[in-house]
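I've put the structures underneath this note.
Two complexes are shown next, each including chain A; its partner changes from chain B in the first to chain C in the second.
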Partner chain A sequence: MNTQLQVKQAIFEPLEHIQSPLIALQDLYKKYGTKTAVDHVNLNAWGGEVFGFLGPNGAGKTTTIKMIVGLLQPTSGTVKVAGYDMQKQPLQAKISTGYVPDTPNLYSKLSARELLHFVGELYRMAPSQIDHRIEELLRLFSLVEAGDDQIDSYSHGMQQKASMAAALMHDPKVLVLDEPTVGLDPKSARLIKDVLRQFSDRGSLVFVTTHILEIAERMCDRIGIVNKGRLIAVGTMEELRTIRRGETSLEDIFLSLTGGPEEAELAEVLK
Partner chain B sequence: MKKILAITWKDTLVRFDGFSRWLFFLILPIVFTLVLAGGTGSSSDKRVRLVVVDQANSPLSADLVAALENSHSIRPDLMTLAQAETQFSQRSASAVLIIPTGFDLTHLEQGSIPLEMRQQPNNMNAMVAQRAVMSVISRVSSAANIANTSVAKAEQIQAFASAADRQVYFNEALKQAQSLLSAAPSRVTESKGSTKDSIDYNPGANSSAGQLITWVFIPLLGISQLFAVERQKGTLRRLLTTPTRKSTFLLGTIFGQVLTALVQMLLLITFGTFVMKLNWGSQPLALVVMMVSAALAAAALGTTLGTFVKTDSQASGLSVMAGMVMALLGGCWYPLELFPQAVQNIVKILPTTWAMRGMLDIVLRGQGLTSILPVAGVLIGFAVVFFTIGIWRFKYE
Partner chain C sequence: MTSTDVSARSQPDNLWFYVIELLRLRWVITISGFKRAKPLRKALALLLGLLVLAAFAGSYILTRLLLRLVDSPRIIESGVNLNSFVNAIPTIIVSGVFLGILLVSFGVLLQSLYLDNDMDFLLAAPIPTRAVFLTKLLQAILPNFILVMAFGLPVLFSLGVTGSYTILYFPLVLVVLAFLSLAAAGIASLLVMAVVRILPAKRVAEVLAFLAAIFFIVLSQWTNLTRINFVALAPEQLSKGTQALTTLNSAWSPLAWGGRGLVDLGERHWLSAAFFLALTLGLSGGVFWFAMAAAEYLYTSGWASIQESPQRKKTHRAVDFEGTNDASTSIFRRLLPPEVQAIMRKDSRELRRDLRNTSQVIKPLILGILFAVMVLRSGGGLSTVKGETPTLFMELFRSALAYGSLVLSLFIGWMVLSNLALISFSMEGKSYWMIKTAPVSAVTQLTAKFLIAYLPALIVSWLFMAGMALIQKAPASTILYGFLSIALILAGLGGIILAIGVRGANLTWTDPRRMTDGVTSTLGLIAGFLALIAALLLFFAPPIGLPLFGISELTGRLIGLLGGGAIALLCMILPLALVKDRVGRIGEE
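After this line comes the complex of A and B, so read on.
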């Protein structure tokens, strides 16, 4: 067993079985002026699964994610994370959540080690726990050597890995990722996919948006497809194939669900 | 509290990421303080310095230099011609008086001896030096004139037996004339007015207080830049996905900057006290109250500014410009009393004006807590108003 796998096993100890959903969206609705961004979405996602949240541009994915992580207030409906209402108990809900945005959004003048230390303190981790966790995560993401360099000297891939390390610092129950593999080289993308799999296998929930359908198809246990603010399909790949008889790939299912017949035909021609 | 300290520590790491930050934090403030104070350990002698080159080295030239030493307005500084010319060409000397070879009684008996006076153009100190030199020369030459007149009168009565006798008579006459002139009763009675000078000015104290306020206000106004950077880079958005309240973020950021400003003030005050020998430490409690109230007022203004800017560069430009203008108008670079009365009234709306007044009350006038409390109260008032506006208008996205 190599060192990386040993680290993964060490930092992703199995959680106790959790019966209730780790993310529960109930009649979630968000309106900007007269425009409806999220239209009465109901969705449950459980621990131990990688949940893919797909949709075309402007479908309401980012708005939904922002409400899940507490950056936006819903117009109506509720978001519960690990059983806590994000509006009524935001601090408890946020303790259970790790968020990886599509762009790293890191303090570029800090080193990865300083950043992780800062994040650990925000989550009120004990100093010894912080130091231990930093070393684990730097090893996991192959950032040990660059750990004391300023983040602005990192490549995009290294920044994305530092961003993910920051989200995992407090060992959350729920990890929310927005397009995590964008701009990554194949090796880094593979590492991140492995880490997410390992993370969900120990009982946590990975809630991920991606527009790379191939990744979603391979990586996600269940997929939710959103279009024009509405959740139009949820299920495993098998369940989605059942819904759209005759469509075998996620791309076909996605296009037939989110586009009109013209778009589906165009996609067929372009294959 | 742990989170507030974590945010403070993070901001400190981000702020002091290179040498240039230390340049603005400590080095430039000290350099500007020294330049505007005219150097360290400046003499308590406030007379205008006059560079004097004595090429004659005669008793008469020594008398002239001694007379210059006794002047109320100029202070002779003897040096060689080469040194004097270097200083004059570098404009570090306002005026140079050259006493030529042959400036002695023998030559004076035979007629006038021209002295050379070099002056910088359009220089007030040079004009003061010229008038003082003319006055001193007039006094020194009076004795010689009296001696010459005595010799002439004596010759009209009876010619001298020899030139040596004539010289002895001249010397004796000169000695008596000098003695009588020095003992002559003053024709001007001097008395000092009881009305206090409206301009309290000490180059060292004014420079130390003014530069302290300038270089502390600018980074505190730069809180607006911190907010803009956090919003622009998305780090604030990300921070708010952690269990951190918005109020904790604001408190941590502002507390960190105020703490840094207090450390900066303390270092500059320590420099002023030990290197420039300024009286910063006589009223420590009053000083602490002034430091805290000034820092809070500036931080509050920075918080409000942060709600009007959208980008890092806007905030950076605005904070430096606003800081410099407010410092200038607040009397941090020139005594406020030099401005017209209308301007002096208008600038009371600036926190820098009050901060400068309070600091000068301590370092220049030696006033205590009771005296500076009204000024500190005004600054706290600024802080309350600007924090209220800033927090009310603050946007996290």
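After this line comes the complex of A and C, so read on.
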């Protein structure tokens, strides 16, 4: 663990203080046919914070994230990453972004080392820098031994870590993660949490979705709760407690904000 | 509903109840898939059904006609005795069914036991394990059994009708085939487990798909390669062929016992029929039951899930990324942006390492070798130009033949290009997010994808042409013209086919053989073929045709290169420019 912490400190260089938000969503709207997935969301997230994006299944979290990283085009509204409009200046915006999807669909016939090299070249890193960075990340995520094996021989956890390493390869200003701890063993989950905290401490933004409210409560500086495509609450834990008087845990706040007929149904099933 | 309610429900003990339920479930899934399929797919499925029926009727009629020929005066005069061959037909069919089901079941069971991911769900459900395995084996047989029956059953029934066999023969044909199919599937299940213990299931599937692709392409060209004319077989050839097949009917071969039993039954030799049929059915049933029980034990005990071969430890080679420092690599590095090189390197690794992708390149190469052999055997076709053909046409034909190997090389290149360009974006599959979230423009992606399809096609085409030119001792000027025109034509074709690949990009496939849908493949094939014809006219009509009007061939070649080249370059750029915006939206539907 000590070795890993040393590595983490070495690989994340401090960023200059950035005044403007690293992610700015303005009136973001996405419609699939007749279904509204994201409903006029406005949100700013800043460097140096871990921003938790919570919501029930089908609330529009993944759609929002996909628009932030440029995988989906919004129906209307704008996404700005590091000050660049994702629609108008996608290349500049993407340089600043690292993305870890909920399912690590990686190129299965490449090894982790080859995958990271591929990512380094896509982001136009210098060859010597690429090799150095690969070794750092493989060490950090305990993938040195398996670094030359093809990814299709990896377990889910190893693929998740390889995906995380790929997102960190170019040392982005903004790291967007969709359910990063799903399927990880406690040690790996702890490592990911440590990396994210270290990453934000040096001035970067971590934008993360999770269903594990305990993680969100402990890790996130600010939390946004989305329900049925709409952002219904944003703030620190203290601010959210103020909104929902009497609710002390994030779980209670979350359920009271997003709960409804589903809650009653769940209780009925579990009787 | 409470948990008490669930446990209170009585569970039937009957094994077959669960088997029928599981088969019914599979049937419901199939029907549901058919109902939700696109109209074109439905029409194709119905057409396939009609073709199976037609095959059934066709096999029956053809066999009856052929069996009548056995006693025809011409056959008797030729001295060929076909009676022993006719008696061996059931053995040949039975052996074919057994081996066919064995091979196909291997692939189906590999998929259903290891790659479909439903085994854990089924084994965790309150269903007897035996029922799960029995259903899996039946699922492996049923579709193939129906197809095999469409060809085999009519032959055997026709044989029975022509030979006035006893009525018992007909139901027993079905029983014997069904038992042997079950035995074949049982053996296949054990083979799958033995193989998967050594190699990962995914790798086995890749190898299997690769071998199947190669097998079918060689099979499709087999008659051309061996130059057998089935219509004009010499009596000695016919005699040799039938004798070879008759050897399958040896009494020592277990596969022959079923066939011999059926013939003896048909001819009312009751004792030997009972002996052979009892032996066949008993042995098949025993093999099936033993194989199923063994497979069930090996699977559930975990034996069939643990690989025995230790993984070869690879040593990290940093030089792999830096590449060699030879001149060509250095020029390549200077000319192309790193993102283009990265995508090309990644694609080439994926194409090489997944044998199902590799077969996309290998298939045209095999075809090319077969075509080359055929052309060389025919002596380039010059021997056919003789007699009283007018001089003008003689010259025209000779000129056209001089470019024949060039056209053949282009054809091979087109097939490689078509296979690679159509799948270029689809092959990204669910991993495309890595490129899409990276700062890589549509032009960069198109450049990389174009080159990864174009360069292998160009190299294969050039090598093929150089080889043919050397063998045919073609003049250097023709070789040079060939190299230039191939490069330009393939560039034009690459632009058109890649654009179609972008329009039909599919990122949701799980089997690489289904990367492109039927519409995209057909569109790519038609567009590519038409463009190839147009290119041949543009590049080769001037050097072949203009000398007839007193203009030199060199001038014709220059006209071909300039005119055809300009249009080829336009075809390369314009379609890609039209789909450029589409690249940014791939995967968003």
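By our rule, the second predicted complex is superposed on the first by the 260 of 271 C-alpha atoms of A that agree within 3 Å, B and C clash if a C-alpha of one lies under 4 Å from a C-alpha of the other, contacts with A are read in each partner's own complex, and residues count from 1 in each chain.
Here, contacts are C-beta pairs under 8 Å (C-beta built on N, C-alpha and C of every residue); 3 or more make two chains touch, one makes a residue touch a chain.
Since we're looking at a predicted model, the values are computed, not measured.
**Student:** Where does A:Asp148 make contact in the superposed view: on chain B (first), on chain C (second), on both, or on neither?
**Tutor:** second
**Student:** Which of the two partners, first being chain B and second being chain C, lies in contact with A:Thr64: first, second, both, or neither?
**Tutor:** A:Thr64 sits against neither chain B nor chain C.
**Student:** Mind working out whether A:Thr210 is in touch with chain B, chain C, both or neither, as first, second, both or neither?
**Tutor:** neither
**Student:** Let me test your reading of the model: by the given contact rule, A:Asp131 touches which partner, first (chain B), second (chain C), both or neither?
**Tutor:** second
**Student:** Is it chain B or chain C that touches the larger share of residues in chain A?
**Tutor:** Residues of chain A touched, chain B against chain C: more for C.
**Student:** One more residue to check, A:Gln198. First (chain B), second (chain C), both or neither?
**Tutor:** Once the two structures are laid over each other on A, A:Gln198 reaches no partner at all.
**Student:** Kindly list the residues of chain A that each of chain B and chain C touches, one partner per complex.
**Tutor:** 69-71, 90-92, 94-95, 97, 99, 101, 103, 105-110, 114, 118-119, 121-124, 150
**Student:** List the residues on chain A that touch chain C in their complex, please.
**Tutor:** Interface residues on the chain A side: 69-73, 90-92, 94-95, 97, 99, 101, 103, 105-111, 113-114, 117-119, 121-124, 127, 130-131, 147-150, 152-153, 166, 271.
**Student:** Under the touch definition given earlier, write down the residues of chain C that touch chain A in their complex.
**Tutor:** Interface residues on the chain C side: 2, 200, 202, 311, 314-316, 318, 320-322, 338-339, 341-343, 345-346, 349-350, 353-354, 429-431, 433-441, 584-585, 587-588.
**Student:** Within their complex, state which residues of chain B touch chain A.
**Tutor:** Residues 2-3, 5-6, 9-10, 13-14, 17, 233-235, 237-245 of chain B touch chain A in their complex.
**Student:** Give every residue of chain A touching chain B within the complex, in rising order.
**Tutor:** 69-71, 90-92, 94-95, 97, 99, 101, 103, 105-110, 114, 118-119, 121-124, 150
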